[in-house]
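In the two complexes below, subunit A is the common chain; its partner is subunit B in one and subunit C in the other.
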Partner chain A sequence: MRLQLQSDMASRTAFLLFFVNLFVSWVSATPLTGGRVLAVIEEQYDSTKYSQFLMDLKGRGYDVKLEPAKKDTLSLFEHGEKVWDHVILFPPKFKGYGPALTPQKLLEFTKLGGNVLILTSPSSIPEQVRELARELDIGLPPKDYITVDHFNYDTVSKSEKHDVILANRPAVSPAVHNYFSGKQDDLIAFRGAGHTLGNGPLLVPLLTAPRTAYTYDSKEDFAYAQDPWAAGTQMQLVSAMQARNNARITLVGSVDMFSNEFFDMKVQKPGSTKPQKTANKEFCRDVAAWTFGEKGIVKVNSIKHYLSNEPNAPVNPNMYRIKNDVTFEIELSEYDIDRWVPFKVPSGDSLQLEFTMLDPYYRVPLLPSSTSSNATTFTTSFKIPDQHGVFAFRVNYKRPYITYIDEKYSVTVRHFAHDEYTRSWDISGAWVWIAGIAVTIIGWIGFCALWLWSAPAAAKVGVKKTQ
Partner chain B sequence: MPPKKNVSTPSSTSAAPSAAVATPISTPQTSHNVPSSNPISILEGIFKNYSQSTPQRTKLIDAFLGFLVITGVLQFVYCVVAGNYPFNAFLAGFSATVGQFVLTASLRIQSNPANKSEFASVSPERAFADFVFCSIILHLFCTNFIN
Partner chain C sequence: MRSTMSSGMSFWTFFVLAFSSFVGAASGAWTFEDAQAVVAAKGGKADTYKFSPTQPVKGALTLGPKDILKISLTVKEDSKVGRPHQAFLLVQEPESKVETFFPLSVKELSGKAKVDLSHKDLPAFLLTAPSLSLSLVLGSFGESPASIVTIGGVEPSLDPTSKALLEKQKQKDIGEGTTVYKAKDEIRYVFRADPQSPPKIITLAFLLSVLAGLGGLFVVWFPILGGNLSHLPKALKAAPISHPLFFASLLSLEGIFFMYYTQWNLFRTLAGMAVVGPVALFSGSRALREVRARREKGER
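Coming up: the complex of A and B.
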C-alpha cells in the first residue's frame, strides 16, 4: 500500500517536473549559445547613447545586464563556471577595466566558450584590451590615432577632419559564407581607429577600411598625415578571432558605430547627390549576432558509412575490406538566428571527405544528396584503396566565419580473405596457364600409362619362365 | 628360386655382350673412319646410336621431357608477350611444367640401366613409385595455387 503511494507520488512529481521544464524552456527562448550578456558600460548616460543596440539585443532574447567597469563584485566566473555567456566591453571612461576583466580572465572566459565583443574608441583603449589584442595578434594603434579618408567621408556631418568615414559592406565572395555582405550599396559610418591583423589563421576581417583611408596621430597639428600608421585595405575596421573551441572575440575600432546617433544618421559621400541612411543598425546587428553565435554555427547531425552495393549492409561497421565500394553520408545543419536550417556550401568551395591513414589516400568531394527542412545530407561513394590498415573517415572543414567541422571515424580495412579472391578461370588471362597445368597432368597420365605398358622384355621373360 | 636365377642371368649376360659387341662393330668401321668431317653424318650416327642402344622406357621419358620443354617455353613466351597479370596463375602453370620436368629427369637418372651401380638400392619400380607420388603432390599443389 505504502509502496503504491510512493510510486504514485513519484509519478506525480515527474509529471510536475515535466511541466516545469516545459515552462522553463518556453520562457527562456534564449539564443543557442546562451542569453546572459554582460555589458560593461560606464554610466547611465552611455547606456542611453547605445540604447537602440542594447534594446535590439534584448528583443532577440538576450538578458543584458549593464555593469560599470570598476565594480568590485563584478566577476566573469563563479565556482569555475562562467556566469555570463557573452561580454560586451564598451570603452571605459577612466584608465582601464577592473580586476575582473584582465586579458587572462577574458581568455579563460573564451576557453569556457564565452564570446567577447570589444568596442574601442581612439581616445580610450585600455591596457587590458591592448594586451588581449597583442595576444590575438591584432595591432592596435597608439592612443589618439584616428582613421580618416578624404575620399569616402561623410559630407553631412561637416567635419573638417573627414573622420566619419563611410565604408561599404564587405564584398560577396563565392568561396566563403557571407554574413556581413548585406546590400552592396549600404554605407557604414565609422569614426574611430583601424587596426592591423597579424598572420594568425584564426583571425578574420569583418569590415575592411576603404582603399584611401589611413590612420595617423590626431594630436599632431598637420593638415595632412606626415607618417600614416596604417593605410588602405590592409587596415581593418572590424575584425574577429574565432578560437579553436569556436568562441568568438570581435574587436571594433569605433564605439560610435553602435551609437544611436550613427544608427539614425543620414550620410552622403562626396560626389553623390542625396543623403542616405546608414546601414549601421543592420551591420551592428550582424556583427553582434555573429559574435554571439546566432549565425555561422554548423552542427553535424549524423554520420553514416556503409557498403554501397549491399542493400542490407550494416551501418557504420568497424571493418571494411580493401576494394569495397563504400558510401559516406554526413548531415549538416546551420543555425540561423532562431532555428536550424540546411547547411549550404558556397559555390566556390567544396566540402571534402578524406580517407586517411596518416596521409589522406583519398580526398573526395561530398555533394548534397538530400535536403530536409533543417538539414542537408552530403554524400559520396568511393572504392577503398588497395591498402589494409586502420583508416579514418575524416571531414575537416575549417572556414572563416563558421564553426569548425573536424569529424574523424576510424575503421579497419582488412585484406581479402583467401576465399574472396577471383577464381582463376574468371580471369581470361589465366586460361593459358590453366591449360598449361592441364596439359602437363594429362601428359603425365599418358606417360605413366605408356611406362607401365612398355615394361622391359627381359622382366617379362623372367616372369614367363617362372610360370 | 635358384633355377630362375640361373636362367635369368645367362640371358642378361648374353644380351649385354651382344650390345657391347654390336656398337664397336658399327662405329669404327662405317662412321668413324670415312665421313668424320661431315656433321650431318655425325648427327645421323648419334641418332642411330641413340635409337639402337637406348632402352624403350628411357626413350619414352625423353619424349615426355621434350613435350614438357615445349609446354614450358610456350607458357613463358605467353607471359612475356601478354603480361603476368594473374601472377599466381603463371607461377602455378609454369612451375607445374618445370617441376614435372625435374621429376621426370630424376626418374630418367634413377631408371637408366647405365646408372644401376649408383642406385643399387633403388629398383626401377621403386623409382617409378617415387615419381608418381611426387608428381601427384606437385599437381595438387599447382591446382591449388592457381585457385
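Coming up: the complex of A and C.
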C-alpha cells in the first residue's frame, strides 16, 4: 500500500517534471544533443565571412561561442565533463590549434559524446587535424595540394585555376538513409582539397568528388599533373566518422564552402547555358545538422515480446518454451531537426531481429505494423527453436548515417514440461502398448474373479490329479 | 559520377564549343590525333590498333600477363600541339564503376603523350574483372574545353593460378573481414524432424494381435479349462461385505491408475491409494479367508 503511494507520488513528480521540461525546451528550443557550440575561429574578420552559416546555427537554437584557437583559457572540459556539446574548427591562421585542441583531447571529447566539425583549407591543415585524420583512417593530402576539375568548374567566377569545383549531391540510394542526397541538380561549390577514406565501417562519405576531379600539388613547378595525389570518385570532398557512441566527426575539405561568398554565389558549369545559385547553404546546413545530431538520430521507444496466439499472454516474460510462437515488437522514432518522426526503413534495406544463443538461430526482417505521429512499430513473429537455453532477442541495426541501434534482451527457453508432451493416445505407435496394459488389467481382474469364485470343473480335477 | 553516356554528352558539348569558339581561335578544345594502342607481347610480336576521338578501338584488346599495352598519341589544343595539365587514362570496371587513373607523360614541345599499361599496374579488383573500359581525359586550366573520350576496352587474360591469387588480393583490397554495415542474410531455424509413428496399418495389426491374446486367454479359461463363477452366491453368503468390497477395491485401484494416467497428479493418486489400499487389504484378507474355508471344506 505504502509502496503504491510512493510510486504514485513518483509518477506524479515525473509527470510534473515532464511538463516543466516541455516548457523549458519550448522556451529555449535547445537542440536534441545540446546547444553549446564552440567555434574555433581566428579573428573577428573571419567570423563575418561565415556569418550566414553561424547565424543559421544560432537561429536553430545553438549557443555559438567564437573563440580564437590559441586562447589560454580555452578548454573542452571542466571537472572531467565536456563544457561544449559541439565544436567547429575553422582552419587556424597560424600553424596549429594550441594545447586545448590536441587530437587526444578531441577524441576524449567525442568519447563523451561531443560532435566535431572540422573545416580545412589546403593552405592550412594543422598537424593536430592530420593526426586526428590518421587515427580515423582518413587520408589528407600534403599542404597546398588542391583539387581541380576541368569539367565541373565554375565559369562565372572567371577563375583560370578551375579550383571552384561544382559537385553534385550524392545519388539517392535505396539501401541507406542518405541525408545529403537532396535535389540531384543542386550544385555545391567547393574550393579546397579532397581526401581518401579507409575501409572502416564507421567512415561515411558525405560528398564525393566528380569523376574527372584530381588533386595535385599547387606549388609544383611542373606544368602538368604528372603524379596527382588522388583523382576521381575514390576521392571524397566531405566525409564523416560516426563513432560507436554515435558521436560524429565531420571533415570538410573546403572551408570556403561554408562562407557567405559561396552561399550567395551564382555558378555555371562549362557548357551550361545559364548560371545557377549554389546549394551550399542547404548542403552546409545539412552537414552541420547531421554532425550536431539534428538528423539521423534513431531511438528505440519500446520493445515488446509475447506469445502470439494467446490474447492475455504476459508482455516481456522471462521464459519461453521451445516451439512457442512468439511476436516481437520494436518501436522506433527518428529525430528530424526539431521533433521525433516515425522511422522508416529504406526500401532496399531491412531491419532485422536476431534470436541468438551464441549464433543467431533466426534472423528475420521486422516489418512496420503500425505508425503513430512520431513512431513506427516494427513487428515479426516466429516459432522458438527446439533448443533450450538462454537466448537473446537482438536488434543490431547499424547503418551509415544513422545512429547505431543494438538492443539485446535475454530470455530463457525451457524444454517441454512433463505434462506438455503429446499424450500417448495421440501417438498411433503407442496404441499397441496401451492395449497391452489394458489387456493385462482386464486379464488380472478376470483372474481375480476366477480365483475367488470359480468352482472346480470335475474333468480338470482329474487331469490335475494325474499330475 | 559520370557514366559513358554523360561522357558522350560532354563530348558532344565539346564539339559545339569547339565550333562556337572556332572564330576566337585562342581557345580550342583539347583533343588528340595520331593515336594508337599497341599490345606488345614479350616475344616481340606487337598488334597495333589505331583510334581517334570519334572512333574508339573496335572490340576489346586482350591483355595477357606478360603483355604491355602502349598507348601513344599527340595532344592538341585545337589545332596546335600542347600539353594539358590533366592527361589521364581512366580504367574503369563498367559494372561497379570503380575506376583508376594513369597520368600520361606528355612532351611539351611535340605534344606527344604516352602511357604503358601492364598487369602489374592494375589493382587486383580491376584485373579480375572480365572487361575494362578505357577513357582518355584531357583538360587544362584556361578556357579550352576539356574532353573525355572512351577509346576502347581491355579484357585482361589471366592464368588460373594468378587469378586465384588476385581474387584473394581483391578480397583483401575491398576490405575482407572488415565489417560492412548492411542487412545480413536472413536465417530461418530448421526444426528437427518430429518423431514418426509406424504406418497405422501395422499398428492396427499388432493391436489386433494383442487384443486377440486377451480373447484367447478368456477362451482358454472359460470354455476349455471350464472356468466359472459358480461359487459366487456361496461366497456372498459366507462373506457378504468383504467379497464385493474386495472386488470393488481392486476395480477402484485400477480406476485410480486410470485417473493418474489421464488427469490426476501423483499426490491425488497417493491419496486415493491411501483410501482404497487399506480397504483392499482388510476386505481382501476376509475374502481370502473365506476362499481358504471353502478349500478346507474341499469345495475347491
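We adopt the following convention: the second predicted complex is superposed on the first by the 398 of 467 C-alpha atoms of A that agree within 3 Å, B and C clash if a C-alpha of one lies under 4 Å from a C-alpha of the other, contacts with A are read in each partner's own complex, and residues count from 1 in each chain.
Note that a contact is a pair of C-beta atoms (placed from the backbone, for glycine too) under 8 Å apart; a residue touches a chain by one contact, two chains touch by 3 or more.
From a predicted model like this one, the values you see are computed outputs, not experimental measurements.
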Does the superposition put A:V432 against subunit B (first), subunit C (second), both, or neither?
both
**Prompt:** In the superposed arrangement, which partner chain does A:G271 touch: subunit B (first), subunit C (second), both, or neither?
**Reply:** second
Of the two partners subunit B and subunit C, more of subunit A gets touched by chain C
In the overlay, answer first, second, both or neither for which of subunit B and subunit C A:I337 touches.
neither
Quiz item: Is A:G443 contacted by the first partner subunit B, the second partner subunit C, both or neither?
Solution: both
| message | Under the stated touch criterion, which partner chain does A:R399 make contact with: subunit B (first), subunit C (second), both, or neither? | response | second
If you stack the two complexes on chain A, which partner ends up touching A:W451: first (subunit B), second (subunit C), both, or neither?
both
Discussion item. According to the stated criteria, A:P210 is in contact with first (subunit B), second (subunit C), both, or neither; which is it?
Written reply: second
Dual-contact residues of subunit A, meaning touching subunit B and subunit C, are 427, 429-430, 432, 435-436, 439, 441, 443, 448, 450-451, 454, 456
Subunit B residues touching subunit A in their complex are 4, 7-8, 11-12, 15, 55-57, 60-61, 64, 67-68, 71-72, 74-75, 78, 82-83, 85-86, 88-90, 92-94, 96-97, 100, 104, 128, 132, 135, 139, 142-143, 146-147
Contacts from subunit A onto subunit B in the complex sit at residues 421, 423-424, 427, 429-430, 432-437, 439-441, 443-444, 447-448, 450-451, 454, 456, 458, 461-462, 465-466
The residues of subunit A that touch subunit C in their complex are 148, 150-151, 160-162, 171, 175, 199-201, 208, 210-212, 214, 216, 223-228, 231-234, 270-271, 323, 349-350, 352, 354-355, 360-365, 382-383, 385-386, 398-400, 427-432, 435-436, 439, 441-443, 445-446, 448-457, 459-460
Note: in the complex, subunit C contacts subunit A through residues 1-2, 10, 13, 16-17, 83-88, 90, 97-101, 103, 105-106, 108, 137, 139-142, 145-146, 148, 174-175, 178-189, 191-192, 197-198, 200, 203-204, 206-207, 210-211, 213-214, 217-218, 221, 225-232, 235, 243, 246-247, 250-251, 254, 257, 287, 291, 299-300
